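Read from first to last, the chains carry the letters A, B, C, D, E and F; within each, the first residue is number 1.
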Amino acid sequence: MELKKFRKKSPWILHYNTGSCNGCDIEILACLAPKYDLERFGILNRGNPKQSDILLVTGPVTKRAKERLLRLYFEMPEPKVVVAVGACACTGGVFRHMYNVENGVDSIIPVDVYVPGCAARPESIIDGVVKALEILEKKKKEIELPPYCKVPEGEKLNRRKLLERCLEVINAGRRS
Amino acid sequence: MGKRITVPFGSQHVALPEPVRFVFQTENERIVDVEVDVGYVHRGIEKACSTRFKYMQVGYVVARVCGLCAISHTLGYVTAIERLMEVEVPKRALYLRVLVSELDRIHSHLLAMGHTAEVAGYENLFMQTFRYRESVMELLELITGNRVQFDYVCPGGVNRDMTTELEKEIRKKLKELEEKCLWLKDVFENDFSLNLRWKGVGVVTKEMAKEMNVVGPPARAAGLETDVRAEFNYLPFEEVGFKLITRRGGDIYDRNLVRAEEVINSIEMVKNVLDGLPEGEIKVPVKGLPEGETFVRVEAPRGELFYYIKGTKKMVLDRVRIRVPTFANIPVMKKLFIGMDYSDVPATVISFDPCLSCTAR
Amino acid sequence: MNWEALVFTLFSPVIGGFIYGLERVVRARMQGRVGPPVLQPFYDFLKLMDKRSIVIHSFHAFMGIMYLVGTWFSLYVLLSGGDLLIAIFFHVLSLAFLVVGGFSVRSPYSILGAMRELLHMVAYEPLYVLTAAGLYLVTGTFQISEILNSNEVPLFVLPLVFVSILLSLPTLLKKSPFDIAEAHQEIIGGPEIEYSGKFYEAVYTAKWIEYVYVFFLIFLFGGGNHLLGAFLVLFAFFFFNLLDNVTARVNFRQMVAFHWYVLIPLVVINLMLLALWRG
Amino acid sequence: MKEMLKATIKNLFSKPVTVKYPEEPSPPPIGYRGLIVYDESLCIFCTKCEMVCPPGAIKFTYKDNGKKEFHYNPYLCIYCGECVRACPKPGCLTQVENTAEPAVAQDIPEWNLIERKAEESKRKFLAERAKRKK
Amino acid sequence: MEKVIYSLFLLPWLLALLVFVSPFHRLRQLITFLSFPILTYLSFKVWNLKLPLFITPPEWVNLAVTLFDYGLLLYFLYQGIKFRNFLVSVLAAAQLFLLSWVLLIIPHGETPPIYVDGLTTFMYFIVATVGSLICIYATKYMEQEDLDRENRFVAALLWFLGVMNFAVSVNNVEWFFALFETTTLASYVLIRFRWDSVSISNALQALWMNQIGGIAILLALLFGIKYYSVYSFTDILKVNPAVTSMIPLGFLAIAALVKGAQMPFHRWLLGAMVAPTPVSAILHSATMVKIAPYLILRLSPVIKGTLLAKLLIVTTGFVFVSAGLLALTQDNFKKILAYSTISLLGLMMLTASMGSPTAVLASLLLILFHAVVKALLFMEAGVIEKLFKAKYIEEIRRLVEKAPITVVFISIGFMSMTIVPYGIFMAKWLTLEEASNFLSHGAYVGSIIFIATGSVILTLLYFKVIGVMTRKRGEFMRFKLEKLPFIYLSTAGLLALFTIVGSIFIAHLSADFVNAVVASISSSPAPVKASGLTLITPLSEVYGWQIIGAFILLLIVPIFAYFVHFPEVDRVYEYTCGERVETTLGTYNFFCVSQVEPLIETAAVALFIITLVLGGGLI
Amino acid sequence: MRVEEVKVPLREVRRTIKEFYDPNVWHFITVNGTDLGGKVELKWFFCKYGEKETFKVVTAEAGYDDEIPTITYLIPSAWIAEWELADLFDLKVEGAKKGLFLDPDSPKAPLRRG
């Protein structure tokens, strides 16, 4: 039996707010509420990265949140997709280039789906999640890495070491 | 020390919609020590408001300080700039501002109530509250064109006018909403398991509220009669039937009941606004450059919101200072946790309706 | 070997999965939502098969699998018609794996959850032992197979016992108001938090088996009247779903107090009245 | 508990309120602040919209011939409608009710590039103009 | 025939003497090693004799015992005066007075003063195996503690075994009083062993509390002689309970409760932990406290079904639950064990007081398995104290990383007290079913509640500790067992092995071996049968496959789990909300329970008095 | 709007506030800093309960290196505002810890001008 097609039927979500204005967060909450009811798609808000398939990120990545975001990303088992919800998560939005902000989520972790809007409508979020499900079905089970994390050829991937290495890269400015 | 269990609560936690970190040291689930970190959402908006954005744009930026009280932030800023530049706002615009700000309060309060129910493990009540909250969201979407970020108020007035069809639609939905909110208030007041769980938990006494300068519904639930709507003339609240609501208990239960009663009062006010909506302009042009300093208090759904602005005759303001309600409530929260059960923590945190995005800006 | 029981035990995850799926639909409907499809648990199951597994350490992961095996075995002990008390205590044995697994990682939520799991046990275990004693009083045997063939209907003689079992159902199945061990908003699933992928699947499936286990206990109240037993199961299913939907979570002190000071006295009163009436 | 019990049982036997969104349409209401639509034929290139846009989602790049090109990033836009209000030419910028589609990484405008380009070309253009004036 | 019995008393004393005088450590170890086979062989020999057996020793022994009594009490008096302990001296003086009174009125009876039956032999076996294993363990333990005084220590332990053997075989209550007080002396000497102020004050506490037991025995003796002219156990059993006053029996039961460290007299047993760990092991498992259930078992045919038995059930059941509750609040490993001993002693006496053959069987199984398991646990407590320098449960956190074997032993010990297939569980199960059987007459519902709640509280307690021990930071890099000294490993291993094998063959053990003992106590054996590994009781049966299956799950698999390694799976950190926080991970200490401790003690005192006054028929 | 503004030297701030502050009457809003270039203007805002638009503002000026007195003895909840001041202006405030909002890799003292 092709197991891949069941990924689509039971995606569990993890939601992390990296510095948003709560607008998109409450829209995600509203999505779980009766009117939109994401559970129709088998979606559960697990709140636990180890059992989640979709990471919903809202907000521009603030300096303090970036490390947590990376940690959560590495704790999620593959295959997984990342959905950036709202203008801030996509590109930084109105907070673009503020001093404590690293702009969009894609500067820290690879993003698969961008959902626009300020705040994103529940319909848009559902659209984004549905789009993410299509991507999820095609994903491989290899460990995904942010673009700035380079691994030499043939090295055996160790999740904890990779995390430490990525943390080193994003915190490089911290030490100087 | 060895008996303690450290329980991190946040920054990512399923009960929290936004990042805040509490690190609790618990003994038998009773909290003996707590450490708070509220700086996750610090983006530097104050700095940006005084460097990058022109004073006419700042209203849209400060709305993004917080999505839940977006209208209050804009209102605070806009009131301040209007006072600074001595702009006379048309009456109709003021009434429309009251309308949107009260509808915003309803949706925010319903969110807080529902979310408190959710973190107390009462999933069904959360669902029902959110179900009825949707009708407010629809109303706001109709009036302002967005569900969360309204961008309705601008210096000199409001951006959109109200049509008669809209008014009819609003009246219809309001009637339905009022019925539901009365039902919700009934549930929050009389539900046995909520009483069992919430009464006497997380009590802020009146003395504590005064000493720690608590604001908003938590202060009113403790019996402190403080409401900026009564203490500051930024909108004509008295004309539309504003009532100051207080309770005595100061626990989670009372905080939610204060919210429930305020929701009903707000619905009343919205109705009165619609009845007495004056005709006329909705916007006057604002010209010139701001000079001098002023400060404004506004009642956001979470409590007193304070804006301080200073201009030096430039397009860009010299200083914008935002003191948000949650910022004022964090000290009391921190104090409250000591000696509390860990199982009551999520409900207590949410019952303060914290808005960290406001706090850190 | 009791082949019937063996087959039933082997298929119990399927039955339990259906019950769980149905429960999710019913709960969604009670909240005015559409809810997932009935087969949703199986989709989850198959998806979890497909995930890349991550573990904290092997011992912990292995304990998750052992929880499934232990629960399965304890279900077989119950279904094979042996001693009721032994079957009840076997459930403790299976829980032991979950608890030890939960304790074996350095995660505060897992440790809190495991501790609360033990407190759950403290709450319901005496109740179930007393219930077994009550069933013995009515049917004159501890053998489950004989209880199921007896002429008596325990429900009619033990109404208070049945009520208290019904009220403590959420404790065993970890549903609101007694879902403190996996209190999703506090400790995010408790002992199962650190499991993922295939290992979480084991824990997830073990919960379905627990459904069958619990509903079979309810079924025993029908005694020889199997139709009544089936009705009781159906009633219990709706009852605890309703209870789940109209209550908030209590804290563990309230839970233990409720079981010890309300439910156990209820059972004892019933047993004493029964003994008086019989004597 | 009593009230909720009633409501729960009522919900169980009544139709759910859920909008089955992807199958059934759920259009935004009239007046929803959606995408900004730009009509180049009406534009007078006053760049007022660029100046008022809070997040900087509208950028004009200068071509060598002094012409300006309009760029708009719906993934950066906060849909406040300030540009529409600021636009002196009615109909040039309008706000429609549709929202932008969720996109994958390839479909997002390279906004950093455009920003840099806009700035550079503007500086170049201004420098040239100043030279010409001299 | 008599010689075998005498040698059972005298051989340990001889060995003790040899150990005391032998100059070399190795020699002492060798002599101690001898005790295990010799005592076991002798007990086996007694088992094969025709029981019951009455022995009349020469007349001078009687005089010697009386003189010894006086000497002992005078010594107690001297200790009381020396350490200025008012209670000890007053109680010793009171005993001297009562003893003199007893001797004045004691008639000359024909009943032989030594009586050996199945129960006695059963106790011999426990003392011979468990007791001598502890002595062997002690030789190694003292190597690490204080080699200079090793000879005294081991000699005292061996001597204690002889005393215990003697104590369980006397028939004459006056002799029994002498031996009862001798065990008190032994415990006093052993607790005092370290000679620091805490040890001495705890030893004195043990002394005065146990003397209350002595007074109770003397009072029982007085009343017994005064009203019925009986002063032997066998004679008391012949008295028709329906017409007798329960006073002597009540006092004897009180003596048992005191010796069994039941609340409120539980502090001496807790205080005993200041001594070297083998002392606790021997006090808690084979000797001393086991006199308590022994005494109740001796009396059970008479007190069965009386008000005294019922009140004893309530008292001991209450102790079973509340000692378990108080154990939750402790964080000292040995204290936890001590409280659980108190708790389980309560259970033993509860089952013994129920008095029906099945209940007696359960009680005997409890005594047997508890002795083995507690010895094992205290040995391991000594091991973690000596080798890993840990006393408190916070300090044994993540022990599994350092010492997997020790953790497995401790887990076996803990699980055997609570979980399904082990002997102690089986005893509880038998009791529960027996109590349910009585329940149809509306009686003993209290005992079901006590047993159910008490055992679930013990489960909570043990899993709390197991949870602390098995916590791990990460993967085992490579499998490494700790290096345990051979003696530690072999003694503990033997006990653990017995626990497991005994539990697997529980059916045969109880139906063939223990049931013979039951038959000698009650008039009839318990109606249990064994077929294969299946244990069949009149109400129900527990199948062999259930026992084997549970063992596979409980033992083989967790041990196997240390070798299981999932190589292809990613390792991650624990979920802590995405943060890296400094976590201290302790465990619950349930201090809310310790708030009700005064309440519990008050209730225990009240129950004690009620037992004495109502059950003993003082009114 | 009735505003009573008191301008005092920095070291007098605590005494001034102590003189009039009564938790039953006055509500402490916040302390605000405005950079004046080289020094910071500090304002402590108070308002009266139950009265319309009645404020009291205590103003003081502090150099970048001055130690600013804390008022948490009088108003326990003021710590968070003071910490923020210490963080965003990089000022020395009695008893305040750095790092409420800023991270090691954020710019130092972002609200100072220039």
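Basically, a contact is a pair of C-beta atoms (placed from the backbone, for glycine too) under 8 Å apart; a residue touches a chain by one contact, two chains touch by 3 or more.
Since the structure is predicted, the reported quantities are computational estimates derived from the model, not experimental observations.
Participant: According to the touch definition, list the chains common to the neighbour sets of chain C and chain D.
Facilitator: Neighbours common to chain C and chain D are A, B.
Participant: Using direct touches as single steps, what is the fewest number of steps from chain A over to chain D?
Facilitator: Contact-graph shortest path, chain A to chain D, evaluates to 1.
Participant: I need the chain pair with the most C-beta contacts, please.
Facilitator: Chains C-E share more contact pairs than any other pair.
Participant: Taking CA centroids for every chain, report which one is farthest away from chain A.
Facilitator: E
Participant: If we define chain centres by averaging CA atoms, which chain lands farthest from chain C? Would you check?
Facilitator: F
Participant: Of the chains shown, whose Cα centre falls closest to the middle of all protein Cα atoms?
Facilitator: C
Participant: How many angstrom lie between the centres of chain D and chain F, each centre taken as the mean Cα position?
Facilitator: Going by mean C-alpha positions, chain D sits 40 Å from chain F.
Participant: Please compute the C-alpha centroid of chain D, do the same for chain E, then give the distance between them in whole Å.
Facilitator: Centre separation, chain D to chain E: 81 Å.
Participant: Please compute the C-alpha centroid of chain B, do the same for chain F, then give the distance between them in whole Å.
Facilitator: So the centre of chain B lies 24 Å away from the centre of chain F.
Participant: Do you know which chain F residues sit against two or more other chains?
Facilitator: As it turns out, chain F has residues touching two or more other chains at 101-103, 110.
Participant: Mark out which residues of chain E touch at least two other chains, giving numbers and ranges.
Facilitator: Residues 570-573, 575-579, 583, 585, 587-588, 592 of chain E touch two or more partner chains.
Participant: Please list all residues of chain C that touch 2 or more other chains.
Facilitator: 28, 30-35, 52-54, 108-109, 111, 184, 188, 193-194, 245-247
Participant: Can you give me every chain pair that touches, using the contact definition above?
Facilitator: Those chain pairs which touch are A-B, A-C, A-D, A-E, A-F, B-C, B-D, B-E, B-F, C-D, C-E.
Participant: Give the list of chain D residues in touch with chain C in this complex.
Facilitator: By the definition above, chain D touches chain C via 1, 4-5, 8-9, 11-12, 14, 16-18, 20.
Participant: Can you list the chain A residues touching chain D in their complex?
Facilitator: 34-37, 40, 83, 87, 90-94, 96, 106, 110-118, 121-124, 126-128, 130-131, 135
Participant: Please output the residues of chain A touching chain C within their complex, sorted ascending.
Facilitator: 1, 3-4, 6-7, 9-12, 34, 37, 39-42, 46-48, 50-51, 53, 75, 77-79, 141, 143, 159
Participant: Taking the complex as given, what residues does chain B use to touch chain E?
Facilitator: 1-6, 8-13, 21, 23, 25, 27-29
Participant: Within the complex, which stretch of chain F touches chain B?
Facilitator: 23-24, 27-30, 32, 34-35, 43, 45, 47, 49-53, 55, 75-77, 79-81, 88, 99-103, 110-111
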